[in-house]
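To keep things clear, I will list the structure first and then write my remarks on it.
Note that the chains are named A, B, C and D in the order they appear, and that numbering of residues resets to 1 at the start of each chain.
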Amino acid sequence: MKKIEVGVLGATGMVGQRFVSLLRNHPWFDLAWLAASDRSAGKSYGEACSWRLREPMPESVRTMRVGECKPGGAPQLLFASLDSKVAGEVEKEFARAGHVVVSNSSNHRMDEDVPLLIPEVNPDHLALVRVQRQQRRWSGMIVTNPNCTAVGLVMSLAPLHAAFGIEKVMMTSMQAISGAGYPGVPTLDILGNVIPYIAGEEEKVERETQKLLGKLTDVQVQPSKIVVSAHCNRVLVEDGHTESISVSLNGKASLQDLIGVWRKYRSRPQELHLPSAPAHPIVVRDENDRPQVRLDVESERGMAIVIGRIRHCAVLQFKYTALSHNTIRGAAGAALLNAELMKAEGYLE
Amino acid sequence: MKKIEVGVLGATGMVGQRFVSLLRNHPWFDLAWLAASDRSAGKSYGEACSWRLREPMPESVRTMRVGECKPGGAPQLLFASLDSKVAGEVEKEFARAGHVVVSNSSNHRMDEDVPLLIPEVNPDHLALVRVQRQQRRWSGMIVTNPNCTAVGLVMSLAPLHAAFGIEKVMMTSMQAISGAGYPGVPTLDILGNVIPYIAGEEEKVERETQKLLGKLTDVQVQPSKIVVSAHCNRVLVEDGHTESISVSLNGKASLQDLIGVWRKYRSRPQELHLPSAPAHPIVVRDENDRPQVRLDVESERGMAIVIGRIRHCAVLQFKYTALSHNTIRGAAGAALLNAELMKAEGYLE
Amino acid sequence: MKKIEVGVLGATGMVGQRFVSLLRNHPWFDLAWLAASDRSAGKSYGEACSWRLREPMPESVRTMRVGECKPGGAPQLLFASLDSKVAGEVEKEFARAGHVVVSNSSNHRMDEDVPLLIPEVNPDHLALVRVQRQQRRWSGMIVTNPNCTAVGLVMSLAPLHAAFGIEKVMMTSMQAISGAGYPGVPTLDILGNVIPYIAGEEEKVERETQKLLGKLTDVQVQPSKIVVSAHCNRVLVEDGHTESISVSLNGKASLQDLIGVWRKYRSRPQELHLPSAPAHPIVVRDENDRPQVRLDVESERGMAIVIGRIRHCAVLQFKYTALSHNTIRGAAGAALLNAELMKAEGYLE
Amino acid sequence: MKKIEVGVLGATGMVGQRFVSLLRNHPWFDLAWLAASDRSAGKSYGEACSWRLREPMPESVRTMRVGECKPGGAPQLLFASLDSKVAGEVEKEFARAGHVVVSNSSNHRMDEDVPLLIPEVNPDHLALVRVQRQQRRWSGMIVTNPNCTAVGLVMSLAPLHAAFGIEKVMMTSMQAISGAGYPGVPTLDILGNVIPYIAGEEEKVERETQKLLGKLTDVQVQPSKIVVSAHCNRVLVEDGHTESISVSLNGKASLQDLIGVWRKYRSRPQELHLPSAPAHPIVVRDENDRPQVRLDVESERGMAIVIGRIRHCAVLQFKYTALSHNTIRGAAGAALLNAELMKAEGYLE
């Protein structure tokens, strides 16, 4: 099979760096094009990018030229992690010009005709792009993945929702600094501190959860009626969002039922053997003090949700802790898996 | 007024050090006696204690001799912060020998005849000591303050409960490492990490909240029926527990009603002008990203609960963030205020 | 005595905030004027300033209007902590307009006719301002304090130099992030890391040390011939520069001689009882693991240099560790003490 | 080739965990035996060990039984990382019983007949074991690797020493907490702090450097006369010792000469293609702010020394920064490479 050429919009940012790193030696995709803001355009990637990942920058990209965020010369398939100040317009411009934009930005996630996708959770929502292309008369399309905090929550809820039905969810997050990009959070703000506010985050988690767990009809997604309340906090962690979650179900279930449902959970990406799909989308830990960022965040190469401390909740029904890697499963890896699903389902032809 | 001589049981630990620090220049109490484990007994305090507070060790205690945790020679009034492995028996031994033990340990908090006290919240519960002394035939007594995480929660709830009645509470904590004592949490466990488990903590928070907000009858406390659910996490913060709280009330209220009730809150310690009482037991911050540990934890010399981000909750009714200083308001300062209340109310005569 | 009105240039930055904090209730100076960059000018200080200090913003400045960095309306005496990109010109403009600019910026420190001053070390260098005013035909003047890393080094060297003569010095710093201002060091750069480079820092330390320990002749400072080599590193500390120092003397001395000289060290600010002068400019700790940032950085309200681990060095003669508070003794407190010296010595009349 | 069975003494500690991790899938060695203190003996490794590494515990060892630190049943080749309180006697007992003890402990490093070895630096010193076995009438032997801080220093010095001769060295370390084992450094000691003291560390660095760079005669090592002075500090880093080094040479050299010598450096482990040998034992970085722990510590799987900031020194001749992974190159990886050298040189037959 000949590899598909891909590009990255916003290649020098934190999520852009993850795209570059995850695309190294990808079996289906070949990174052939990089674009970033005007500040970087025209430089080599090595010059333009303040590389922050612990694994070294792949040698092959070091000398690649960073282009402008303009269609023309770009491959058809593009991963996008632009600043939300510009992402809205730039993504539309590329889609209009015939590109498939697989975006990590929040701008179009809640658009009625844009799929907001977790391949394990709602692969059928991808069909929305047909409505999108028809309505907007685009030859290209935009597909999005959720907010990094929503991903862990929704992946933990989806199998419960399928098995028992969910009624209410309360989630308190302790989020990593890498989610704020680079330079991002000043050390003077977070050293020895907890910041109990991340702009727009709680609203995103609440709305995106309902769209992700919603039902696709012919032309739109009917958002789920699950009641969701989020508290979002920033803590001094590099990568990995920890979430304390309480949930009440419509039906009856035991702790063992929940654990069983989570452990057995396999979905479309696993059936299709997508290259970035985790063998176990949900890893359940038995120890009473897990998941922990430093021990569990790399589970399944950062693509699993790790769940532990499953117990009864006096206010809702059950409570547990979920951990996800915010720049892999919650961002670049999420978009990559979306693109793999699109390829496998014939959306890239 | 002649000062009352006091002692500290467990003087070399983290809370013991706070007692020593807070008792420096106290207007009513004079620190005259120190005791700690056998490892320390016989040494000077300067030698025995690995002082960890940022303010220096008071010169006056440096050369004081650390005694054994045995009655005989100790002043009548004792502050206790012993390891819970030994605290249960030692405290009883001192109370039996006629001492007033004002304890920060968890061992006797839930005993039916032992007051579990926050002077602003349930000063009337102090009357339980009469039952205690009669039943146990003690000339002394034991009085306790709550778990460090319960203090912030309950102080934020108490004025709401008085004004509107509380039905349900969900609390997720992000707790400081000083709560685990010294040496306490190894750096390798917490650097870049969140630990989603603190042994026994959630149960303590849930039960103690009900006792603290319970009603005193002639001979006992009828625990409140408020439904409480706690998620407790450890984060890389030195002093200061941050709590994400959701609450539902029995009655109706607006966000402004809550803020008004909190801002106006004054109680017995403020009426009595107790030396350690904060002028404002609850400080409400208007900024959307407060309270923050590094900016707010010292409010009112660490004796206030700082509240912010007050907003509606989709699952319960309201949500907010509360911050408390876990080794001052949540431990040594709590016990000190208990003793001041006891003095002012005539319990030390 | 009527207080002297003073202003702060660059009032919203990290050092500017320290000026505001240290000037609160100052016995000689009254903070009457604030200026900052165009971004802040016109706003109230409360709005313009992202206050980062642990102590709260003084209420009195919250509503003060932040002006532009232009003479006209400013008091005669100004503390300056402007970004070095603009400080050079702005300070000259104010001095030309008759203001006394007591600056923490590096721009004019090495100018031949500008005093670079540590009041304990080289108070006589202040006389250079006469040359400065004559040569430049200014009615005002510029006086500077050294780089934050040079301060700790030079204060530890000065008494040794006076007593024994110093030949060579090697210094490796472990510097706090607050020295980089706000937003300053991104968390992703420093969490779990050491950065072995701070732009321009080593050169500043080496040159400024020679000027500070140099001899004043009629019209200039003859730099000292002490050979100085600096390695500068950034570590994850909020406030407090730790320095590992080795030194060789011209004469003979024992470890006890050094300790004695440091302990006895008093100088002009102590004689003059300047309000910000530490009683002991140098504090010597006997413990084998001190000084430590978290235990010692506030010594003498952050105005002392704390020295420990004094021992023989196989390469040079002696080695020791010195600690200084980089935004107090190394910046705002340094400038404040300079101004107090100027007042006491009649330079403000 | 049949794999050689090996065991680990002190298998549950931090360095023991590194041994277990590095021996996973080792081409020559097969981990067949684990021993630890009495507290652990008799349990499975999964139970006994508080695993702290970011990579998961290899499944194959989870159920292995942890034995006592007693000969009998142990394989001939043993890696040892016991607490120095017991290591001295235990290692001798095993050597006497015929075992080859490849030790990371400090107890026997300076024994005249025990090789202190860095395979790149002094592979010939291994011959000392012949003297050792003869003198002590042992059928086994003890071979040691240096202190974690000495490794980075000496590997950076060795090629310079060979090319130009070294006269004097000054080294200031900023050491990671993992060097102190587990639980090791309490968070309350190091958060926001630098600790300027590590017991015994400076003496070890100074003496071991001289032995490592010494000359082997028939029966002993003549220590080098290089003058070495060390300042050792602990900082908040997990893995990776950063060292600020100044050096003076006997001969003349330019900065380019040093860089050339380091870049070309290959030695015995590279010639022999030892499995754990780094292709480049020294990696030179050109950027002015490298090496950095978070970006460089994993270079060559933690087996390289990364050097940068090479420049002139006013006091000695040159200065630079060196970084090494303290629990891989500075401990478990060091011992493993020693064993590989021993195997390749015929010492295990």
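By our rule, a contact is a pair of C-beta atoms (placed from the backbone, for glycine too) under 8 Å apart; a residue touches a chain by one contact, two chains touch by 3 or more.
Keep in mind the model is a prediction, meaning the values are calculated, not measured.
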Please tell me whether B-C or C-D has the greater number of C-beta pairs in contact. C-D
Farthest chain relative to chain B (centres taken as mean CA coordinates): D
CA centroid of chain A to CA centroid of chain C, Å: 48
Whole-Å gap between the CA centroids of chain C and chain D: 42
Listed in rising order, chain C residues that touch 2 or more other chains are 191-192, 236, 238, 294
Within the complex, which stretch of chain B touches chain C? 51, 54-56, 191-192, 294-295, 298
Touching residues on chain C, where the partner in the complex is chain A: 14, 52, 177-178, 182-192, 236, 238
Please give the residue numbers of chain D that touch chain C in the complex, ascending. 168-170, 172, 174, 191-197, 206, 227-229, 231, 233, 235-238, 240, 242, 244, 246, 288-294, 308-309, 313-316, 319, 321
